[in-house]
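Okay, got some structures for you below.
Heads up, the next two complexes both have subunit A, just with different partners, subunit B and then subunit C.
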Partner chain A sequence: MKVASPEIVAPDNRAAEQQPHWRQEFPIDLPQDDYRSRRDFTKLMVITSFAFFVGQAWIVLLSRLRRARGEAPLKDIAAVDELSVGGAKLFHYPGPGDASLLVRISERQFVAYGQKCTHLSCPVIPKPQAQRLHCPCHEGSFDLLTGQPLAGPPRRPLPRILLSVRGNRIYANGVQQGVV
Partner chain B sequence: MAVPEGNEFFVDPSRCIGCNGCVQACTECDTHKGYSMIQLDYIDQASSPQTVPVVCMHCESPTCAEVCPADAIKRSDDGVVQSARKPRCIACNNCVLACPFGVPKMNTAMHLMMKCDMCYDRTSVGKKPMCASVCPSQALFFGTRDEIERLRPQSRALNSFKFGAQIIKTKVNMMVPARSTVEHLDVVAALYEPTVGNQLEDSLSLDEIDIAEMESESGKP
Partner chain C sequence: MRIANFSRSQRMAIVQGILCIVSIIAVMQLWLFTTTMEAYLSGEESFVLTAAAASLVCLGLNLGLFHYLRALDR
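== the complex of A and B ==
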């Protein structure tokens, strides 16, 4: 900002560089003073909350787009007779980095869950005898039949992989995010 | 917004007729919250009806701001020294005591120093201050330097004041006779002038003093 008014001369008539530091901290000229008015503060608050709002809207938009992109792809995981009752198989679905577990819990029943514990993302270990999926990190447990958390720190259920059987093959055809 | 650069304030006390119009008009200005910030001083009420309007001179290095312990008095970038900022002013009266022209006024009820701010809401949008717009004799004049030189060929503007050893330059100009050769208005010396500081029946009286000699020695008290 252009300062039209002349320089302030201190009462001791010394140059500005020789003045004590507080003269810079407490300038007499208004443009040099970083005074915050109530209006400035309100403006800051409004702009900040608008930025938060835009952030939330962006997140909503992204998830809408993800949903609009269609169903998760069909993926061949295993053959029906590949697993014995109580057996488990690791596969990656929907992406190559999403480790998931397929567990045969009875002769005609398969379940599959994402392997990441919903507490701190440790891989869970299937315990078919106990009807549990166990997370060794913090002793968390999930129900093998439903994926609901049973014990320990996790509060949200494991994401469930939807399965379908065609002929002799088991396919994954979607992920159902668990609801609390 | 700032006061447009060409516009300046000129005060010519010799034209003042003491009508109090400026005092009334000053209360109308929005930045003064209904209070008058101009003062009409009598030079020597017992012997003369002469009055002097006192507005803020808007010093280039404002003493009021220098002494403010709360950092409340600020000069805007057009050189206008503003009233104390309400959130900062602690109503300590330092500025009131320090100002060489006696301009700042303490509003005790509001705990706030208010002073003449050249009607900043008006001058910053190119209008005249209230007092200058009503003054019938134009003792208070607000306009460009060209205008004042055209209108007052007998006077010249001076904005340098002397208080003892201290010289104060101001944004507001005082009109002095064009033929006078003074470089500073010596305020302290003026206190010793017979018509100001002394009664006429004092030993010091006008006919004993050579006016020309007084003008030339006006620097000495």
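== the complex of A and C ==
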């Protein structure tokens, strides 16, 4: 019959001779088991730490790419008389995949914002009567005049598209992140 | 690395201590990552590189502690 080594400590702390037969055949050294599981968990935390560093490096890379893209181009997006007061137009700026919204809020005032909600990127819907841009996914709302979040889960403002009016044409000429 | 011959209970205390420190550092890195991502998405990019450097220092500390732990087992 196999007898467990005296160094091995069973989970119930009793002597090896008092252990059931199966445990004498397959002894479990509890302190050693604890030691190994903690060491392995430490290894997992170090891997997690590496993953966080990779995430930080990814942000640096995105930041560099954003800078390399340079200034957003000047783009003709609509005619002044194309929109009635309270009307909205969807356009793409600065890139072809960047959906944005142009809204006419008065006879002489236009505003434009990126259409992606800053919560989870759902497209926002203009509600000029309520002076809001509404996100239907999680009932988020943004102020139509400033792009600031007013209600729901979004915490960051919508990116504002800078506009200029020349003659009868409206041009987009830049994107302002984090409008205050 | 030359490690003294520790008893089993001493090694257990060491691994628990290292696990605590490594966990605290990882939580700090998590906070740093979320803060940096939030700032980046808001258009604030001035401290992105500094934050990455701080995260690298944290990773270095964790790797150093883990290296000590491995040396403890040899």
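Going forward, the second predicted complex is superposed on the first by the 110 of 180 C-alpha atoms of A that agree within 3 Å, B and C clash if a C-alpha of one lies under 4 Å from a C-alpha of the other, contacts with A are read in each partner's own complex, and residues count from 1 in each chain.
The working rule: a residue touches a chain if its C-beta (ideal position, glycine included) is under 8 Å from a C-beta of that chain, and two chains touch if they have at least 3 such contacts.
The model shown is predicted, which means the values in this text are computed figures rather than measured ones.
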>> Applying the document's definition of touch, where does A:156 land relative to subunit B and subunit C: first, second, both, or neither?
In response: second
>> On the A-aligned overlay, A:53 touches which partner chain: subunit B = first, subunit C = second, or both, or neither?
In response: second
>> According to the stated criteria, A:31 is in contact with first (subunit B), second (subunit C), both, or neither; which is it?
In response: both
>> Residues of subunit A touched by subunit B versus by subunit C: which partner has the larger set?
In response: C
>> Per the contact definition in the header, classify A:177: touching subunit B only (first), subunit C only (second), both, or neither.
In response: second
> When the two structures are overlaid on chain A, which partner does A:42 contact: first (subunit B), second (subunit C), both, or neither?
Replying inline: second
>> By the touch definition at the top of the document, which applies to A:108: first (subunit B), second (subunit C), both, or neither?
In response: neither
> Given the touch rule stated above, what does A:66 touch, subunit B (first), subunit C (second), both, or neither?
Replying inline: second
> Once the shared chain is lined up, is A:8 touching subunit B (first), subunit C (second), both, or neither of them?
Replying inline: first
> Intersection of subunit A residues contacting subunit B with those contacting subunit C?
Replying inline: 31, 35
>> Touching residues of subunit C toward subunit A in the complex: what are they?
In response: 8-9, 11-12, 15-16, 18-19, 22-23, 25-26, 29-30, 32-33, 36-38, 40-45, 48-49, 51-52, 55-56, 58-59, 62-63, 65-66, 69, 73
> Can you list the residues on subunit A that touch subunit B in the complex?
Replying inline: 1-6, 8-11, 26, 28-31, 33, 35
>> Which stretch or stretches of subunit B touch subunit A in the complex?
In response: 2, 5, 60-63, 65-66, 71, 73-79, 82, 85, 169, 171
>> Can you tell me which positions in subunit A touch subunit C when the two form their complex?
In response: 31-32, 34-35, 38-39, 41-43, 45-46, 48-50, 52-53, 55-57, 59-60, 62-63, 66-67, 118, 156-157, 159, 176-178
